[in-house]
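Labels run A, B, C and D following the written order; every chain starts at residue 1.
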Amino acid sequence: MSDARESVRQEDAPLRVVVWNENVHESRGDEIVNRNYPEGIHGAVAAGLRETLGDDVDVSTAVLTDPEHGLSEQRLAETDVLLWWGHVAHDQVSDDVVDRVVAHVQAGMGLIVLHSGHYSKVFTRLLGTTCSLRWRNDGERELVWTIAPTHPIAEGVPSPIVIPEQEMYGEYFDIPTPDELVFLSTFTGGEVFRSGVTYRRGLGKLFYFSPGDQEYPVYHHPDIKRVIANGVRWARPTGPRRQLTADQHPLGWFEGGASGV
Amino acid sequence: MSDARESVRQEDAPLRVVVWNENVHESRGDEIVNRNYPEGIHGAVAAGLRETLGDDVDVSTAVLTDPEHGLSEQRLAETDVLLWWGHVAHDQVSDDVVDRVVAHVQAGMGLIVLHSGHYSKVFTRLLGTTCSLRWRNDGERELVWTIAPTHPIAEGVPSPIVIPEQEMYGEYFDIPTPDELVFLSTFTGGEVFRSGVTYRRGLGKLFYFSPGDQEYPVYHHPDIKRVIANGVRWARPTGPRRQLTADQHPLGWFEGGASGV
Amino acid sequence: MSDARESVRQEDAPLRVVVWNENVHESRGDEIVNRNYPEGIHGAVAAGLRETLGDDVDVSTAVLTDPEHGLSEQRLAETDVLLWWGHVAHDQVSDDVVDRVVAHVQAGMGLIVLHSGHYSKVFTRLLGTTCSLRWRNDGERELVWTIAPTHPIAEGVPSPIVIPEQEMYGEYFDIPTPDELVFLSTFTGGEVFRSGVTYRRGLGKLFYFSPGDQEYPVYHHPDIKRVIANGVRWARPTGPRRQLTADQHPLGWFEGGASGV
Amino acid sequence: MSDARESVRQEDAPLRVVVWNENVHESRGDEIVNRNYPEGIHGAVAAGLRETLGDDVDVSTAVLTDPEHGLSEQRLAETDVLLWWGHVAHDQVSDDVVDRVVAHVQAGMGLIVLHSGHYSKVFTRLLGTTCSLRWRNDGERELVWTIAPTHPIAEGVPSPIVIPEQEMYGEYFDIPTPDELVFLSTFTGGEVFRSGVTYRRGLGKLFYFSPGDQEYPVYHHPDIKRVIANGVRWARPTGPRRQLTADQHPLGWFEGGASGV
């Protein structure tokens, strides 16, 4: 990592947020997706963040076809929280960029992974599991129940959030035991899903949130916008970006004073 | 994965255990290592398992210089629990073999990672963090305290286990929050380390245990042998090896009957 | 606690299991309950355990109207795992007996709390929360999904278990974050519930399992019988019963040898 | 609980903090305690909070000999975060007051339990374990290591915090698995202790922090003051105080709209 890592925002500066989207459904002209998301899924998510968080955020977007997928070392060094949406093009994301994103998360960048991003290289690399699940696309009602009522990510939304039509994601969801289980979803068919879960990886905070699909206008739902905005605030870095390394301790160090983490 | 995965042991058959060691210190003739471990670290760990578990285990060893590092698809398919020791040659382990080991763990194979194996590709891939730590090699006394008194891995050992001379490993240890914190170690210098931790990854169980070093005869310590044997028993698979995948659920399936995980 | 605590079973002796039931619905002649459970709920649960575990268990029952509710110090000292069913008479359970049960759990006795036992004094005392929940008795279908596929309590049951008619229990369930989340249930109405959760309290293991109600024949369901039997095996003590106390450490103790937990 | 519960602070109003101390060592004239804490332990803790948090807090104190121990229903209803210090007089705290404090924590009041408060009725009731531990009073050096580097409670303190002289608290500490393990302490004698742990109980947040003793001037240590102040901010309520109860769900409710937790 370059010294660019040191360019950390001031406490009162807006959070620098990047919404990444593979943007394949949109650019190849899938009708229903274009109808739901005329500005792209990234455009809708970014608009929701700007609407909810206002001047507290500085939101930009990046897509697969940008140079380096829009995620250069410089760009990541200046990003506080990255959001990730992908579906059909996970294997087109370069391993170099994945390594870079993973390193930035471990060094303190926040990460929000949305919906089908469960199968992205970034997410499976950070979690260490297959992240497989069950699914069925039949326009079912999803109910998103709050299981952690005092968690900041659940602030200001009803329990349940009612999403009239959705793709079903169901257990068994092959993830590590979450640090925090914030939301559980049920579907008309009777399935259940751990739909809002958090993890820490190094100095970075991760939030996975499953509601959201290209075929349904879920990212326009006011409660969903609120949850994603809450997630961005929750996942913000708590200090300067810093790569953790194995350090040799001096002998007798504790006589001479304390050191950092 | 091949069908070889289906070759699962009978309930009453011995556990098939493979102790993997990079075997570099030993084969290049590091004097102190050869003195401590004339049969290699893998030889000492394997002997400890045979001594402690007797007919309940069928233990073999594998090293870096074996073809495919001794970890072919066939060999892994017939392994219930794999132990991993590495130090100076982590980057010589082929990515193909790492992918294979990771897939087998996720599909149900048990994994015990020892000491400096914290920095192995296999461990960092399954955990998603850097696994960095602090260290000092000064022959300090390590005390290994039991924090989970009813955990099967802590069965039959005193709290603390006293290791007269050891390399120090200290916090901050960059790992995800463990599923279970079994042991905490302290050192003469005052440092502390989460020295025994467990994780689940898919259908596989992982146990990391830090005591053990090439320069100290730790693997001959009776309590350490016991912990490693307990770990092997704890990490054994609970069912046939099986790769988890994303499955489509049929409509109305719950009318017609139940399905597997 | 008396010395009776020391009467611990031999490794190969049957597990000594007591099924406790307030037995109020049954003894006051609630028709539907008597029809579902002619031998009482305790009788049905005990029969399920004997059928599933055979000679591995020695099962007896106890009810509210027994002297000391059937839970004398002597009886508890000779109990490996206690099961608890209560509903309308929680406040009739004497505080002395509650203190005694809590102390035995903390000292190593296993405890399985069933269904409306969530509101029992024993459970709320061990958990430290209100254990409140939402409910609706409308004969809905309950689906019990396995979230921890390698957990021994989930062994041998399909995911989901289908219970045709049940009382609904729904979130928010006011419990501490479980040590392990084994099952999640959904209901026809769309609610979700953490229906199978485990905790450790001192040297004792707890399993709460919500399926089961006096108005539905749930305890005759083969999968439910299996889960409860799995729970009993899982919750068995790992050593002699022992009351944990605050102990003064001698100076320089670690020179002279190791001590117990 | 009375309607007084509804008197919740405005978002920008100071946090209302009460420091409770049994105040027995001080009032009976224990010399070393009076020397270390001329204003009482509660006075020192309160002064540290005022110094660190300034206008963000409104700090008052209460002691055992106050009417209702200074913890009337009205007082608790107007308290955002309660700190608890007790040692020799745990059993003199009335059960009615304990019930009241527990109910307020479960309904959203924050609670910080300090040092020997581990054995208080309030803490053991909320945790459900004996909270026993090992101890030795020999003026040892305590090192407080940060294990959760991004946790707000660890903000702004070195790792380790060095306390030159302290009473030793050691494992096994009989507590439930913490929601978050923030600090681990080591002592000259080689013991280890989970010295900073958090829990949620209902809508309330708990932080236990072990450094601090009547015989050593620990509460004047700048890093300890900072940790306690961080704890107070972390434990503040996230909404109006509210008693959780078991609620019946209406049939078909999800058609008509959403409800609260």
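In this text, a contact is a pair of C-beta atoms (placed from the backbone, for glycine too) under 8 Å apart; a residue touches a chain by one contact, two chains touch by 3 or more.
Worth saying up front: this structure is predicted, and the values here are computed from it rather than measured.
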{"item": "Those chains which touch chain B and also touch chain A", "value": "C, D"}
{"item": "Most remote chain, CA-based centroid, reference being chain C", "value": "A"}
{"item": "Approximate Å spacing (C-alpha centroids) for the pair chain B, chain C", "value": "33"}
{"item": "Rounded Å distance, chain B centre to chain D centre (Cα mean)", "value": "39"}
{"item": "Multi-chain contact residues (two or more partners), chain A", "value": "141, 143, 146, 149, 159-160, 170, 172, 177, 190-191, 200, 254, 261"}
{"item": "Chain contact topology (line, ring, star, complete or other)", "value": "complete"}
{"item": "For the chain B and chain D complex, residues of the former touching the latter", "value": "141, 143, 145-147, 149, 159-160, 171-172, 177, 180-181, 184-186, 188, 190-192, 194"}
{"item": "Residues of chain B that touch chain C when the two form their complex", "value": "108, 141, 143, 146, 148-150, 152, 155, 158-162, 200, 203, 205, 238-239, 254, 257-261"}
{"item": "Chain C-facing residues of chain D, complex", "value": "102, 106, 119, 125-130, 132-136, 138, 168, 170, 172, 174, 176-177, 179, 189-191, 199-202, 243-254, 261"}
